[in-house]
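Scrolling down, you'll hit the structures one after another.
Same chain, two partners: chain A is paired with chain B first, then with chain C.
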Partner chain A sequence: MHTFQKYWHIFWHLRKLELMRMMEYRGDFIFFSFLSTLWTIFNFFFFSLIFNVSDTIAGWSADEMYLLLGTFTILDAFTWTFFYHNMSSYTRHVFTGSLSMLLTKPISTIFLLTTAKNSYNNIFRFFIGCFTVYHYTKKLGVQPSVWDITLYCLLIFASLLLIYAVWFITATFAFWIEKLDNINEIIPGLRRVMQVPKGVFVGASSLLFTVVLPFGLVSSVPSEVLLQRADVPSIIWLLLSSVIAVVGAIKFFTFAIKKYSSVGN
Partner chain B sequence: MVTQKQTMKRILHQISFYTKVIRFKFIKALQWRTEMVLWILLDIFPFIILLFIWQSIFAFSLVQNTSLSELTIFYFMVIVVQGLTSTHFEEYRPEEIRLGKIDFFLIKPYNYLQEIILNDLAGKLLYIIAFAPIVTLLGFALWRLELSTLPNLTGVHLFVLLCLLLLAYLMQLCFSILITLSAFWFDEASGLTHFKWLFISLFSGTLIPVALMPEWLQAVTNFFPLKFLFAVPIKLLQEQVLPTQGDWGLLLCTIIALLFGIFFVWKRGVQKYCSAGG
Partner chain C sequence: MTSVSEPVISVSHLKKHFSVYKKRPGLLASIRSLWQREYETVAAVDDISFTINQGEVVGFIGQNGAGKTTTLKILSGLLYPTSGEVSVLGYNPWDRKSAFQKQFSLVLGQKNQLWWDLPAMETFLLNQAIYDIPEAQFRKTLNKLVALLAVADCVQIQVRKLSLGQRMKCELIAALLHNPKVLFLDEPTIGLDVVMQKTLRDFIAEYNREFKATVILTSHYMDDVKELCERVIMIDHGKKIYDGLLSNIISKYARNKILSVIFSTSVTKKSLAEFGTIKDWDGSTATLLVPRKEATKQAARLLESLPVQDLNIEEAPLEAIIREVFGNKAQSA
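After this line comes the complex of A and B, so read on.
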């Protein structure tokens, strides 16, 4: 319990530091918040173009699809708020050799690597996502129970863990691969997979994006829970795969750290 | 006669100089080859997912004015045109101006604009070398899956297409240079690249074919010269429609305006520029 309290305290202390940094560069915050809002609107606009010529995407109506996009927007807000900054900092530490500094700290290196940084530029994206989910749930006339909402939140959390863990595994390859500054662009590059219903993928692509690397489930399954048509195997696999990914990421980091060497930090 | 000879000698000297610089930059870019291959795959990937989306749409219903095969060719062309013409240096170059790291170019007979352009040309050359086999493989796979066919182009079409691609690259280069140079005044100039991609995505015809756009978006796309970046070359490839004289006029006027803009902004920017101990 004491350890948990310590980490909880450190986590929020780090958020406070980042908030102070944000306040120092207020112009940046406003500018990039505006940009992130524009990209979010653009994403919805793109799908509205598709719905201009078609009624459904993989059996999902426009309103259902916007609900899914709302869920994706929530996940995307975390991607750019937490994941991108921490993973960039992680690979930079590995490439420059400054990871030694973190290894000597009296707290978990993985905790420090994955939570030290964040930005607040995507806070509006998060609220847009929440509002969209709320709006389209109402518009579709769906009345989710408390259990549905709890499960939705749990699945969102599992999806975030899955994305973060897979990203961490990818970034850990930095121990072996030099001259690959864009290693942190791989997971954001796969975001398109997350913003479409899982039914879009068929055959080999279905196996790849819903089983092997289940990014095709991260927005789909929570949205299906709200729409009260989720299938149990997908829910279980999303929860299970996030746990497997987290355990795998920790194991892989422990293995990879043996490869690490630096001089004079 | 002597003057002509001297001019010729000077031109040859310049060509030899630029060739050497491009060669040097090419060798420098070569050390980041793995990164480049990864960029290529990351550039292609979103369009592959778009194909999956359209495939799922066609599985349920038909779409008026188009077929899955046409859409596949469209997105394949978008990948090709994007690979050949897009530029990205405005994402890191503004930092050099902001941090006062361009002093070197101000005192040498090789200015910063030349450095940007030659560096990008060398990078593009390497990109095309890595991009060609990947995109050929993709094209072959789509052809084998009977999702695409080879466009029926004559020599004239190919020549016009080449000109359009070169001019589209020049236009992208100009946009990127202007964003880079805005760093003389604006701290977060690299953030402007988002506006560039937003406008290009919206008004150049990369998202969906122009025929499938709503009428208002079609009108805007046809009005802006951004259509020359994707919509016009792709229309030429898909429908063998050559640009009209009006199109050429608009394209050339845009490029001339952009070039004048660059020289004006560069001149003003250098006057404003100051650094210490660079």
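After this line comes the complex of A and C, so read on.
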């Protein structure tokens, strides 16, 4: 209990520090908040262009698709709020040797690497995502139960864990590869996979993006839960794969840290 | 976990080897390195053993790349050794147990833990949470450290706006808030002016006295070592070449003593040659290097043979002796 309280306290202390840091550079905050909101609007616009010439995508109507995009926007806002900054910082720590300062602290290094940084530029996108999901659920006339909403939240959490863990595993390769600037662009490069229904993946791509690396499920499955048409195997696999990925990330880090050579002074 | 009689730090046959990429110069070599790279194994630490007791301040002396920092990083649990045994405060450092990490601190002069964009005080508060420091103890220690280092005006200013000296003082405070029993200081005074170096040295000495803390210090500034360390460990190419009192280095390695002479009338350079190696001469004064064993005899001869007004017999400066030790090693290597 004490450990949980300590970590909880440190987590919020770090958020406070980042908030204070953000306020030191408010111009940066305003500009990037504007840009990230613009990206989100453009994303919806992009799909609206498709629906001008087609009624469905893999069996999903425009309103259902916008609900899925709302779910994706929530995930993406979290991803850019926490993961991008922490993973960039993680690989930089390994490359410059400043990881040394974190490794000597009496606290989980993974926790510090994962939570030390964040940005607040994507807060607006998070609210846009929440509003979109709420709006289209209502518009579609779906009435999700408390259980549906709870499961939806749980699956969003599992999806975030999956994205985080896979990204962490990718970033951990920095222990072997001396300098790889683009290592943190791999997961953002797969964002397209996350914002389409899982039905678009067929054959080998289905095996790859719904089984091996199930990023194709992260927006689809929670949205299907709200639409009350989710299949149980997909729910189980999304939950299970997130747990497997997190355990794998921790084990891989523990193994990789032995390769840490710091840098000469 | 450690009783007073046991060494706080115990290192036995420690080895750390790195595989280092060797790149030949030139564009052609760079192109070739895309598919074929040559690696060589470098013994950064090569079979080092020593023990350090509670309250000792030990200086690690060695040239760049000698293995000093690597040893400190192994003792801090940052690096896994290739072989050998290490115990710090009764713990295996690379187990990285929380109980161990709360009892030591590592200060790397060229790395910082302070949050760059925020006042140092914010890092202190974060460390309070990370190290579980009770509020009363935190305030007491902080006030004391801030007063000792005279940084009351600095701790509320953004770190990036502080001078290097102010930053280093704040780094030390961040590292000492949890009252560590063991302190690893790697070049803590690097880049600082002489006044600031002296302030930090006095502070480290005071901390050692008050908390009976064990300190290992690496520094290229001999003044740091001379003022703080009774005992030194000299490392060269990963090997320990000396472990003992700093004062004994002179008797062990210094071959010459220095005779400084002032003459009442001018003397020729030729007339001095028979007494020793002439280092400086301007007619009325001279400095001679004389083998240690002959120093007294040659001084007596000088007094008898030449118009000496004043004569001093001095030991060679420690810096020069150490430079000579490492110089000879480098030549023989």
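Assume the second predicted complex is superposed on the first by the 262 of 265 C-alpha atoms of A that agree within 3 Å, B and C clash if a C-alpha of one lies under 4 Å from a C-alpha of the other, contacts with A are read in each partner's own complex, and residues count from 1 in each chain.
As a working rule, contacts are C-beta pairs under 8 Å (C-beta built on N, C-alpha and C of every residue); 3 or more make two chains touch, one makes a residue touch a chain.
None of the values given here were measured: they were computed from a predicted structure.
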{"item": "Joint occupancy of chain A by chain B and chain C, clash or fit", "value": "fit"}
{"item": "Arrangement angle, chain B at one end, chain C at the other, chain A at the vertex (C-alpha, nearest 10°)", "value": "90"}
{"item": "Chain B versus chain C as contact partner of A:Asp231, first or second or both or neither", "value": "neither"}
{"item": "A:Lys6 touches, of chain B and chain C: first, second, both or neither?", "value": "second"}
{"item": "Partner chain in contact with A:Leu103 - chain B first, chain C second, else both or neither", "value": "second"}
{"item": "Partner chain(s) touched by A:Asn52 [first = chain B, second = chain C, both, neither]", "value": "first"}
{"item": "Contacts of A:Phe42 with chain B and chain C, given as first, second, both or neither", "value": "first"}
{"item": "Chain B versus chain C as contact partner of A:Glu24, first or second or both or neither", "value": "second"}
{"item": "Comparison of chain B and chain C by chain A residues contacted", "value": "B"}
{"item": "Minimum distance between Cα atoms of chain B and chain C in the superposition (Å)", "value": "7"}
{"item": "Contacts on chain A seen with chain B and repeated with chain C across the two complexes", "value": "none"}
{"item": "Complex contacts: residues of chain C adjacent to chain A", "value": "18, 65, 69, 73, 76-80, 96, 98-99, 101-102, 104-106, 108-113, 115, 117-118, 122, 125-126, 129-132, 158, 186-187"}
{"item": "Residues on chain B engaged by chain A in the complex (per definition of touch)", "value": "31-32, 34-35, 38-39, 41-42, 45-46, 49-50, 52-53, 55-57, 59-61, 63-66, 187-188, 191, 194-195, 198, 201-202, 207-208, 212-214, 217"}
{"item": "Interfacial residue positions of chain A with respect to chain B in the complex", "value": "27-28, 31-32, 35, 38-39, 42, 45-46, 49-50, 52-59, 177, 179-183, 185-186, 189-190, 192-193, 196-197, 199-202, 205"}
{"item": "Interface residues, chain A side, partner chain C - complex", "value": "6, 9-10, 13-14, 17, 20-21, 24-25, 97-98, 100-101, 103-107, 258, 260-262, 264-265"}
